[in-house]
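Same chain, two partners: chain A is paired with chain B first, then with chain C.
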Partner chain A sequence: MHGGRALPYLLIAPATFFLAVLFLVPLAQTVALAFQADGAWSFANFSTMADDLNFHDAVVNSFRLVAVAVPVQFCLALGMAMMLRHVRRGRDILLWIWSIPLGVSDLAAGVVWLAILTDHGYLNSVLFHLGVIDEPTSWLTYETPVALFFAVAVAEIWRATAIVLLILVAGVQVLPKEYGEAAAVFGASPWRGFVSVTLPLLKPSIQTALILRTVLAFEAFAVVLAIGGNNFPVLVSEAYHWQHFNQDTGVAAAYAMVVMVISIAATLVYLAVLRTPPGQRA
Partner chain B sequence: MKRRTFCASSAGLLALPLTLGRGSRAAEATVFMSTQLRPVEAAQAMRTVILKDYHGSVDFVPDQPAALIVRMEAEAETNKHTVSLLAGVHGELQPLAPKGILMPLDDVAAALKDRGFAPDLMDLGKFGTSQQLFIPWMQATYIMVANKKALPYLPAGADINALSYAQLGAWAADVQKATGKRLLGFPAGPTGLMHRFFEGFLLPSYTGGVVTTFRSADAVTAWTEFAALWKTVNPNSTNYNFMQEPLLTGDVWIAFDHVARVIDALTKQPDDFVAFPAPAGPKGRGWMPVLVGLCIPKGAPDVAGAKALIDYLTRPEVQIATARVAGFFPVTNAPLPPDLNPGLKLAVAAIQRTGAAKDGIAALLPVGLGDKSGEFDKIFLDTFQRVVLRGQAPRAAVDLEGAALAKLMSDTGAPCWRPDPPSQGACVVK
Partner chain C sequence: MTASRALLLTGLTVVTAWVLVPIWLIAGSAVGGQALISTWPKPFWPVSASLSQITEFLAIDGVWPSLLISVEVAVMCMIFSILLGAPAGYALARFSFRGATLFRLMVLLTRAFPVAILALPLTVGFIRLGVYDTPLGVALMHTTLALPFAVLVSASLFQAIPRELEEAAWVFGCSRISAALRVVLPLALPGIAATAIFAFVISWNEVFAASVLTVRNRTLTAYLLAVLSESPLYTQFTGGFLLIVPSVLFIFLVRKQLFAMWGIANR
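This part shows the complex of A and B:
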């Protein structure tokens, strides 16, 4: 069956071709842009980037956002996935409602949260009607960095928890029931069963979810730009600024390199820390 | 917008050969090439409204600035002239002056003396030479708009049409004292035009220059006093892009912005707002005209027609018609008709007062920076960020950013533009 052996490769050939053309080629071009200035190879773009006023803030903000959003999203999604296990009726509807934010575009999500949190937004109106505040309060200015960070984090958590949830739900569905039942027979409490049986079995799904979510959180852009504007620079919004306003593609490409290196590093860390030996796979 | 521009230029390309054919037979239509009013509606308004009462026949040909420059250079080199009149922003047409392509128009300027051109604008039309090469046609600029609720707090003896930065600060501070809110606003959001405030208003007012004086002691004073003024500024200013929005919601009572970005507030609620020129500093009243003017190329096929058109376009009633349909404002002291939209009237009056101010220092849009203009703006915004928002020492900040500016100027080789004195070669940060 000569043709049969080639068939899988033929089937994945279009996808591979498109990935190569639409991903690898631009990647190579970005690397070339980042390491070239005035037609010669150099680190000039990186030194411009590192010397820039916003670079430090952008790095700190990006890491802070990931450090807060990803663990919160993970815990929320894990809790939701566990609860869904025990829902008998309406499970599909619930899952569907929980994944609505996935269908909303990043920018739309940012604008929705802006409409809630701005001076004349819904939050201020509600607080005003409840008599909590006497006049609209500004949450999103450079003078209120904590509230601003909180606003960006909440919007990002709202927008992207569903992707973690869906991956975990898929993982939970294929878990064999026997392990949990065996633990119960030996007298394990539900919590003990969750920690010692369910979590280790879920490790491959958790790894996938965390890698995906962390990489995407480092690429957060539209939500951050809509809510934070210039007051909350992150790595990708700086790349956009250098490309769009400062018209310096080299520095923008340098930022893209930084985001890529961080993403690869984060992926490697997750791969190493959450490694599942073949024998333990469910 | 892009597509419309494309259509407009294609229409121009189609129109030009037709014109050439006719022109060779008889010089009936005057070819009028313009980098402005390019969108189809604007070009149509030009042909059907603004030029309606002109006795001669005109072919209005809008095109991209780069295309216009190339065309004029080609016509001059080959000595085959088709275009009789040019219109463009000051900085767009300036490169034609040193190439000797433009015809001196001192006689035209003298004949139009009674039109009441703002002297500063007329002077810009010399492009730094001793001859008049460019006649102002229409303009836009940046103005201040205030809610009438703020007027009772104007400092005693202050003339709202001739404010100083100190008076603006005292005014905003009194408003804050009375209301408990910071109600002065600037467009410092992501797509706001805050950099133009520094390049065209604050620094020229305090230092008399922009680039050459960037590191001067006067510049340090400017930043120090602006940081003090900022204490009365609504902190949402770093989110504002168009000041008409916070003006209309009442979040801001006193605002600075481009006239096109406050005009909605003025036309929607003309009874609630006043418009007036930006403040003056120790060196004068820095302001940034966006000036569109008219030039005649040397060797133009229809010089008489071009001069007649210049005369026509600067007539008071045509200036007002232009303001109505094109969103550009008079460069002369054209009297405003009673039926003019009251909001438009407020804007026109503020712009006329700005141009006519005796202490005015016109600061041009940056010229010759090419694709570095974004980084040029960033230097001013970063200095603002450092001194005003992060509280760094002004001296250290202007030294640091001044070094970046010096490098940018030497990289681009851009000569100084007004109000900096003309330079041989790249403009130098002193």
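This part shows the complex of A and C:
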């Protein structure tokens, strides 16, 4: 073929150019923005960030949210994927329904759970019927930090379990049935087979799901603003505030840097801990 | 066996309810009328349903334009992602060339970086280019989010189409390009359509970049986030419901491809 050598490069050129301009350049610029103040290189933005009243809360809240939401999502999705293996009729419709939250933005998910958890909301109506409370009660103020945290966590879990489920289901689908059958033949209980055969085989999918979910959970912010307003600061909501209300891109960039460093560190940890040696892949 | 069957059915029912009940309740809050907001205790079955709350919401100053902008941005993002992503995917699927691994790595890397880190400096750059506060600017930003997905998914779509079909077309005198367009593309079309719809949903749902990159020409998500604290609850609920409706429809449309897409995208 004439030009056969150049063709693949021509085909990837537009995408490469696009990503270079709109991904690599902004990435470098954010670093510059974060480490520059008044035209000189400095840590001023980072010290402004660290001195900010909300900084400590934002870091703690972000980590707490990830620490609760991601494991729950993972276990829930794994349970759902395992249940689906035993479903024959109606599997497709179940999968569709269960993946609906995939299309829901974190802003919309926040609003949905606000409707349920607000003073005159559905949760309080249930509690009223059960005789737990007599009148509308507030759960989402700074006076009820624990309830507020769980409200945000529930909304995040509700929205983003679907993505973990999809990745795991996709992984389960390519698992060879023979391995599980072999385990059963040698007398392994279903639980034993699950822990010793299914889980290790699913490791690549589990790794992908955990990386994606952890990175995205550190990015959650609209869900937090919708449910808790400013009562529950997280890292990205602080970045949004510094950019939007204080018009200070430098400090916002410093927050973005923190999120980036955490994301990369989390990714590396998952890559190392859940490594699949070549040759062991299913 | 019946006991475990019952357990399974219970599990399936609980999970399905967990997913659907919140959507049912927000739908109820969006069509139940403004009086429902302060009703106590709340009925779980809407007493009256009307679309008046939705039409009133759309009549609020700024809502209708932002809805149109959201659609405009998402359509642009969809087109850009496919036009840039499908050729790159084809290259990854059909050629082995130096730099292919590096390219794949760059594409994968974009997924590991937070939106904030890409969107913040673009506010400065976009003002200089004259695309700040325009649908085009937001669409460009959203394309960086959807493009990696489009590249990887289309690569695996093309990989799944037998090379022999293309080679047969060459034998019958098709050029490389016309074989790709007339033989491979039609076969890959359902998958590409699903990828396009997914790019639409990614853009439609994105909040941070859209909020940071716009001032007056806001998308629906950016508009809702900006007015969140000063809006009455029924406005928030109606807005939230309207955000969900298209996504649910789109997920329904791509349900067949969804799992194939994720199974592939994760290898």
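What we mean here is this: the second predicted complex is superposed on the first by the 265 of 282 C-alpha atoms of A that agree within 3 Å, B and C clash if a C-alpha of one lies under 4 Å from a C-alpha of the other, contacts with A are read in each partner's own complex, and residues count from 1 in each chain.
In this text, a contact is a pair of C-beta atoms (placed from the backbone, for glycine too) under 8 Å apart; a residue touches a chain by one contact, two chains touch by 3 or more.
For clarity, every value in this text was computed on a predicted model and none was experimentally measured.
Participant: Considering only touches as defined above, state whether A:A253 meets chain B (first), chain C (second), both or neither.
Facilitator: Touch partner of A:A253: chain C, not chain B.
Participant: Given the superposition on chain A, which partner contacts more residues in chain A: chain B or chain C?
Facilitator: Between chain B and chain C, C touches the greater number of residues in chain A.
Participant: Per the contact definition in the header, classify A:V261: touching chain B only (first), chain C only (second), both, or neither.
Facilitator: After superposing on A, A:V261 lies clear of both chain B and chain C.
Participant: Taking the superposition as given, does A:A182 touch the first partner, chain B, the second, chain C, both, or neither?
Facilitator: Neither partner.
Participant: So, A:V269: does it touch chain B (first), chain C (second), both, or neither?
Facilitator: Touch partners of A:V269: none, neither chain B nor chain C.
Participant: Mind working out whether A:L225 is in touch with chain B, chain C, both or neither, as first, second, both or neither?
Facilitator: Once the two structures are laid over each other on A, A:L225 reaches both partners.
Participant: Could you tell me if A:E143 is touching chain B, chain C, both of them or neither one (first, second, both, neither)?
Facilitator: Once the two structures are laid over each other on A, A:E143 reaches chain B alone.
Participant: If we overlay the two complexes on their shared chain A, which of chain B and chain C does A:F18 touch? Say first, second, both or neither.
Facilitator: Touch status of A:F18: second partner only.
Participant: Applying the document's definition of touch, where does A:H120 land relative to chain B and chain C: first, second, both, or neither?
Facilitator: Both partners.
Participant: State whether A:L95 touches chain B only (first), chain C only (second), both chains, or neither.
Facilitator: After superposing on A, A:L95 lies in contact with chain C but is clear of chain B.
Participant: Looking at chain A, which of its residues have contacts with both chain B and chain C?
Facilitator: Dual-contact residues (chain A): 120, 225, 229.
Participant: Per the contact definition, I'd like the list of chain B residues that touch chain A in the complex.
Facilitator: That would be residues 188-190, 235-236, 238-239, 249, 251, 371-375, 377-378, 382, 385-386, 389 of chain B.
Participant: So in the complex, the part of chain A that touches chain B is made up of which residues?
Facilitator: Where chain A meets chain B, its residues are 53, 119-120, 138, 140-144, 225, 229-231, 245-248.
Participant: In their complex, what parts of chain A are in touch with chain C?
Facilitator: Of all residues in chain A, those touching chain C are 1, 5, 7-9, 11-12, 14-16, 18-19, 22-23, 25-27, 29-30, 32-33, 76, 79-80, 83, 86-87, 92, 94-108, 110-116, 118, 120-122, 124-125, 128-129, 135-136, 158, 166-167, 169-171, 173-174, 204-205, 208-209, 211-212, 215, 218-219, 221-222, 225-226, 229, 236, 239-240, 243-244, 249, 252-253, 255-257, 259-260, 263-264, 267.
Participant: Note which residues of chain C are touching chain A in the complex, please.
Facilitator: Result: residues 8, 11-12, 15-16, 18-20, 22-23, 25-26, 29, 37-42, 44, 80, 83-85, 87-88, 90-92, 94-95, 97, 99-100, 103, 106-107, 110-125, 140-141, 143-144, 147, 151, 176, 201, 204-208, 211-212, 221, 224-225, 228-229, 233, 236-237, 239-240, 243-244, 247-248, 250-252, 255, 258-260, 262-264, 266-267 of chain C touch chain A.
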